[in-house]
Amino acid sequence: MKKIYVDEDLCTGCGICIEFCPKKVLSYSSQRSLRGIYPAQVENLEACTLCRICEVYCPAFSIAVEGEKDE
Amino acid sequence: MNKRILSGVHLFQGDDACVEGAIAAGCNLFAGYPITPATEISERLSWRLFDAGGIFVQGADELDSLTIVIGAACAGWKAMTATSGNGICLMQECIGYAAITETPCVIVDVERAGPGTGAATKTMQGDVYQVRYGSNADYSVIALAPESPQEMFDLTVEAFNLSETYRVPTFILADEIVGHMREKVLIPEKVKIVERKRAKVPPQEFLPFKVESDTDVPPMPAFGEGYRMPVSGLTHTETGSPSTDYEIQKRMVSRLWNKVEKKAEQLTKIESAYLEDAQVVVVAYGSVGRSVKSAVLEARKQGLKAGYLRLITIWPFPDRVIEDIAKEKPEAIIFPEMNMGKIVREVKRVAGGRTEVISFPKPGVELHKPKEIYNLIRGVI
Amino acid sequence: MSRIEVKLTGFGGQGIVLSGIILARAAMHDEKGVVQTQSYGPEARGGACRSEVVISDETIHYPLIEEADILVAMSQEALDKHISSIKKGGMLIIDSDTVSRIPEKSEVEVNRVASTGIASEKLGKVIVANIVMLGALMSLTGIVSKVAMEKAVKESVPRGTEEINLRALEEGYLHAQKSRIKGLKGKTESKEKEGK
Amino acid sequence: MKRHPALKYFRFDRPGNPHLWCSGCGIPQIWYYTIKAIEELKLDIDKVLWVGGSGCTGRMCTYWIGDYFHTLHGRPLGFATGAKLANPELTIICHMGDGEVAGIGGNHLIQTARRNVDLTAIVVNNFNYGMTGGQFSPTTPRGAFTMTSQLGHIEYPFDLCELGATCGATYVARWTTFQTRPLIRSIKKGIQKKGFSLIEVISQCPIQYGRRNKIGNGMQMMKWFKESSIRKEKAEKMSREELKGKFIIGEFVDIEKAEFCTSLRELIKKRRKESVKN
Amino acid sequence: MNKRILSGVHLFQGDDACVEGAIAAGCNLFAGYPITPATEISERLSWRLFDAGGIFVQGADELDSLTIVIGAACAGWKAMTATSGNGICLMQECIGYAAITETPCVIVDVERAGPGTGAATKTMQGDVYQVRYGSNADYSVIALAPESPQEMFDLTVEAFNLSETYRVPTFILADEIVGHMREKVLIPEKVKIVERKRAKVPPQEFLPFKVESDTDVPPMPAFGEGYRMPVSGLTHTETGSPSTDYEIQKRMVSRLWNKVEKKAEQLTKIESAYLEDAQVVVVAYGSVGRSVKSAVLEARKQGLKAGYLRLITIWPFPDRVIEDIAKEKPEAIIFPEMNMGKIVREVKRVAGGRTEVISFPKPGVELHKPKEIYNLIRGVI
Amino acid sequence: MKRHPALKYFRFDRPGNPHLWCSGCGIPQIWYYTIKAIEELKLDIDKVLWVGGSGCTGRMCTYWIGDYFHTLHGRPLGFATGAKLANPELTIICHMGDGEVAGIGGNHLIQTARRNVDLTAIVVNNFNYGMTGGQFSPTTPRGAFTMTSQLGHIEYPFDLCELGATCGATYVARWTTFQTRPLIRSIKKGIQKKGFSLIEVISQCPIQYGRRNKIGNGMQMMKWFKESSIRKEKAEKMSREELKGKFIIGEFVDIEKAEFCTSLRELIKKRRKESVKN
Amino acid sequence: MSRIEVKLTGFGGQGIVLSGIILARAAMHDEKGVVQTQSYGPEARGGACRSEVVISDETIHYPLIEEADILVAMSQEALDKHISSIKKGGMLIIDSDTVSRIPEKSEVEVNRVASTGIASEKLGKVIVANIVMLGALMSLTGIVSKVAMEKAVKESVPRGTEEINLRALEEGYLHAQKSRIKGLKGKTESKEKEGK
Amino acid sequence: MKKIYVDEDLCTGCGICIEFCPKKVLSYSSQRSLRGIYPAQVENLEACTLCRICEVYCPAFSIAVEGEKDE
């Protein structure tokens, strides 16, 4: 089961996951969060290869990837 | 070209006012290392000082900074550093060196809450003994405690003047509140500036550490002036020769001590009100003085005979002022301090049991509230 | 005017500290006694951020504020944290675009100002929301004169941005004036005034 | 909801939500890279001591769930040496800012490298004093703008890797926050090396350095790292001119020599065998 | 194999006795930087400590040395450094750090004449305030002043024990004379050793800075023991979390202060004689105490009612002892010190005007001669 | 009776007869070599500032007839930087011991080299702390015997010239007290270099180091220097093994780059031309 | 025996400090009160060097000496510097091989000991001159017992040199005993006793 | 006029001039000086080439060479 969680309470909308996701799975939400910023959101889960680059880079520890790569 | 003295009215935080005071006083060089809550002094000086034809250096640390300041001062410049108590720790060796070599320098300590790294962004008055006694053995320093950005300006100018006059490290002991609060600061067109005493005799006749009869401060030629100055941190004779002789040590240390301690009365600066008939005198310094004023004004409004005294000169300690109050035998002296009770020990020493001395310590972070002080006054009267 | 204590709050990056400085500078130009203080340090960078201004016709001794006569909240987090510090009978001004929920607090006049919206929509620069808010504050409270405030804004903002900031001030001022009139006329729910 | 794997090792009652670093900052990334190295090496949490000083980087240790030693600005290596001497079982990782390690702590750096103390020093080089508001540091490039070099910086920077190598470090490497895998590998190598390891990580401080030098936010700074990183092997073939503004990444030193704490403990044994006059 | 405790009779200089005291007390690590007149401590430890199964490190400087000491202490070892006042300057920041982290460590200051580099090979008692107040903000320390090599041994053992008990930096404040003079030292077969309080609860229940009701000193697990110790120089809560809150600051600083200051009476060590009927009490510490004893014995021989008091505990200052003397209202308290008059300020503060307090300062290099003190006694009686 | 030419520049009222250095010590030799350089460059005595710290070497300045700055142990370079900033006309020569420059003053050394301050630093490397009785220093070779390494020294030494070069010194050379002429030439070059010059002089401390390591008195130590010195050019062709125990002498760096005090003064000029908002 | 103050002087390298320690150690073995102090620092390396020992049957408080009961001078420089510190009625012992001129000083008993000569000629090691002198001192003053002194020497000298040092002690002792007898018998010029 | 002066008051007898004089002009005196050492003395002035090595090396500033080299 593949899933990406973004914790809106923690996400600072830095855009790093969005920029460096090789499959462009993520985008900015159009909804301002309580922090006053536009957090990341999952736009295209299917494209996700579970590479975990978003998770590894996220400075806010606010994104988590569920599921393991097949190989 | 940019103005040297920024005459006019400004809304400045204390740290900025200090910068402008230094420039007005003729500061040629600043060397410092960033530290909350003194960093703003470095930051503003990093461009303002070049405007004024001076040089800003960021040291590799506080130690490095003060060596550079002292080096520049010995070569004839007016120089300053700024830091907080943690940085003072690292400067202690150089402070002693400045003291024994009688090198003028201004050291601004914007105090923060400690001990250790503490609560870096918060206020405290914890360093009052540190700046007096933190280096090895015996020497003297001058320390002034401002209560506002305006005084940050005025006293920084004064600190340069005193440092040059007495050839001692001179401290501005501000607390974080004073360093960071913004208030109106009036900068005059011109300020009174004191220049270092230079040698009156030609080099061949010059004895570097000989003092004239009327003063304990010898003149100070700069390096490169032809006076062949022997500057050393060792105990030295009048010619500057190292010595381990008791008589030499005694003469030198006594002079270093007395040139300031014996001038305590002249050096005393205070602000006071309602002392004449005061049953309770509240004594304080720095930002706490502001709370005290609020409280005493309120007390007077309520018909309570309270008076207040704000110490501006902390070192040399103004024994005489406390002496005068103690003689009148008020019910009590109340001493609120943002520490566990330090300068109150000096007050107790001088009061000599003639009046009760009540310490009201708050160990940092929070300024005394006027109401707290007022309640204490009410409790006594 | 006796002592008035104003607390401006929001999150880092909104220019809260600058707002406080501008307000203080304006009060200084009005020849009032004024002291400005603010929160510092790493805490001030990320989350809640605050700037405090005390204004008085008399000399100000104690420089800090304990209870605010006026609280400006430009973020929900800030409001939640500081709402308890408003004096009885004091005033709360919120940015209605960033604050959605106002906790219970009695005997407080609430004003809503759409400063972020005005800044981004009318002025095309969300960054001037703080100045819009200042305009509104000035209008709602009258604690500083308009002339003084304009002078203070000009002196305080980055060079080249004077014009847009003055416009932001004006927009906030007008917006609040309108809403004020409207508010005075309209009905008030639970002692609140509508700001939008 | 699944949470980020870093949070398993995280102290939640510390300031910030979850931490106090700015949006897009490289420090929390390095925090997690360190965790990855610890995890991959299967180290016992209770035997891993994180050491830090004062600064944004210095705060890293305070979120580590195990023992931590949040020491003085610039002096982590001294404190860490003491701890290592007392308990050689500890794996000690020191995270230090460029300011503290190359400025106030310069002497600790060169002495610890010279003595070859078995510590892993991870230097977060964000080219300025982040915590105090972005003043220049001894690694700030000439010409850069910082809070105290608003007229353009006039000093030369240190090359921290060269400095560490000259002083005797047994493992030296440089990466940026962008090169996740090689960096984690280097941290693991550093931990396993019986000797002093120095790993420089070029890191983004968007709020100070990025903004003042118009490089942009954290994400943009990482793109800059990506584009400007040159492998050491490749760099060796390039001219000085070509290398200007580039980050030379790779492993610079990987040698073996006598370790300080071990050599000292051997003296106890040696002495036990002798007998002397007092 | 070499002996750990060097039991027996020896002719030792104070510095050597200090070394043997440290080893007897269980010192595991020493880190220090050479400086006259403390160098002999390093020198002897550089081989003796290895004999005892400990480790000797020569730091790159004093600062480096104290970081190593504190690091080792946090990892569970007993550790010490030794220096003179110049080195104390550089250690101030670490002293504050040890104080706020409550890390036991012993710091030996063999005082030399200053200020600055001064007269390095000569004696002084100039650092008495330096060790108490030289770091930023508020904290407490313990300081003991030996008068002889035997006391150098005894008090070094005691310093380790107190430091472990109270978790505070503990100083040996020796002057050069005590450090360098050789005298008979008797080392017992066994000495009383206090071990650090360890946590009683399992790691999951452990709150690192929670104190039990009867004490202000929390237990201290070492790194690597599984307690996941959060050691930090920031103001911290009971869990060790950094805080800038006033209540947390107040609780922490008050505890750091009180855990020693409130124990002042328990910590007081003195030596005295002839106090009962004394018209004049001569108070001193360190080697000056020896001159005082000679002088007072001579006075008694001459029928003069003099008494003497030697302070062994300098910090926390033994207010109570002075209080008790002042209550008896002798003609005067005479206080000879090898500095410009420092601890005499504490005596004045406590005496509170009830008796005259006469300072007899000698600013370093030369020890007070018995005759000088005797003459002063005669002048008063 | 003709007196030694050094004495023309000598302060006679200072401790010792004529000075306090031990018999056969290398320090007074270097004192005279420095005088020779000053003489040969025809410098104005009143514009030459000698700076020293604490130690046997530190005392050198106190005998110099002109201005002197006898500063704190390890910190001459900091003080000298300040003096140079205030008065760029001064020729500043700093004599420092290996202990102070590589131990307590390590940070001043690397920072001053990095900033490239126009000073001439002459390091008297006698492999130990002479003044305090011969403890090991950060340049003491492994295995050597000193007052605090009576069991044989276990630490690695710094290579001061390499360190200075890595940090950015613009002139770096090493000689022993035996190579009079090249050393004097280097001091002259160092003085003339507009930038930071580091000259390491291997020097004999017979009373401590010579005695404890059974090398002998001053004269015997100089013979040892003579026999063990290898020119850099020759050394480059030798193996590590062959170079063990040898002193590699020669010039290592001689480059030009922007000087610190000059760069700072240029900022004043730059700023004079601009006008800014306060 | 009440308080006796001994000052040993010479130049650096003669082992003056060690002499003081040995003397003190011997006194300790004799169960006497004893304090030893010495000159330190760079001054102690080159020129005049000194070691002082106070010996007493009672507890010694003040540890230093002001006037010496006994001054031992092993160099001209040392003698010139310290001769004024001898007490009236005190004793001066000089090394007659290194001291040629004795400055005027009344009421002092002068003893000459050829310690350097004996050391180099009889013992073949000039370095043990200080121990020769100690032997003489012991013999001339009786302030410590011979047993104690021998024990002290053995404990204090570098390992392997015990024997030659004990011989040196004995030589000094005998030499002084002889000269003492001779001195007592012979005539005294200006209150001096011949030591050779 | 060629002359070598040894100041016996200063000479510490370190032997450096004696060892390094290329012409073996100098030797130890047999007379102990006031410092308790055997100072340098001129033994073979004729051989002296006025190279000044002795002067340059002398750590006690106690030897002085008079006369200039011809070339």
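So that you can tell them apart, the chains are marked A, B, C, D, E, F, G and H in the order they are listed, and the count of residues begins at 1 in each.
Keep in mind that, in the parts below, a residue touches a chain if its C-beta (ideal position, glycine included) is under 8 Å from a C-beta of that chain, and two chains touch if they have at least 3 such contacts.
Since we're looking at a predicted model, the values are computed, not measured.
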Farthest-lying chain, centroid of Cα atoms versus that of subunit F: C
Contact-richer chain pair (by C-beta pairs counted) among E-F and E-G: E-G
Separation of subunit A from subunit G, taking each centre as the mean of its C-alpha atoms, in whole Å: 88
Subunit D and subunit E: spacing of chain centres that average the CA atoms, whole Å: 37
Geometric centre distance via CA averages, subunit D-subunit B, whole Å: 39
Subunit B-subunit G separation of Cα centroids, rounded to whole Å: 55
Multi-partner residues of subunit B (at least 2 other chains): 36, 47, 50, 56, 60-61, 86, 93, 97, 116-117, 120-121, 232-234, 243-244
Subunit D: positions in contact with at least two other chains: 15, 17, 21-23, 54, 59, 72, 103-104, 106-107, 111, 138, 151, 264, 267, 270-271
Numbers and ranges of subunit A residues touching at least 2 other chains: none
Residues on subunit B engaged by subunit F in the complex (per definition of touch): 1-2, 6, 10, 28-29, 31, 47-48, 50-51, 53-57, 59-61, 63-64, 67-77, 79, 93-94, 97, 222-234, 237, 239, 241-243
Parts of subunit E lying in touch with subunit G, wherever the complex brings them together: 9, 11, 36-37, 120-121, 177, 180-184, 287, 290-291, 293-294, 297, 367, 369-370
For the subunit D and subunit F complex, residues of the former touching the latter: 103-104, 106-107, 110-111, 114-116, 138, 151, 154-159, 162-163, 166-168, 257-258, 260, 263-264, 266-267, 270-271
Contact footprint of subunit E on subunit G as seen in their complex: 21, 24-25, 28, 34-41, 43-44, 60-64, 66
Parts of subunit C lying in touch with subunit A, wherever the complex brings them together: 11, 14, 75-77, 98
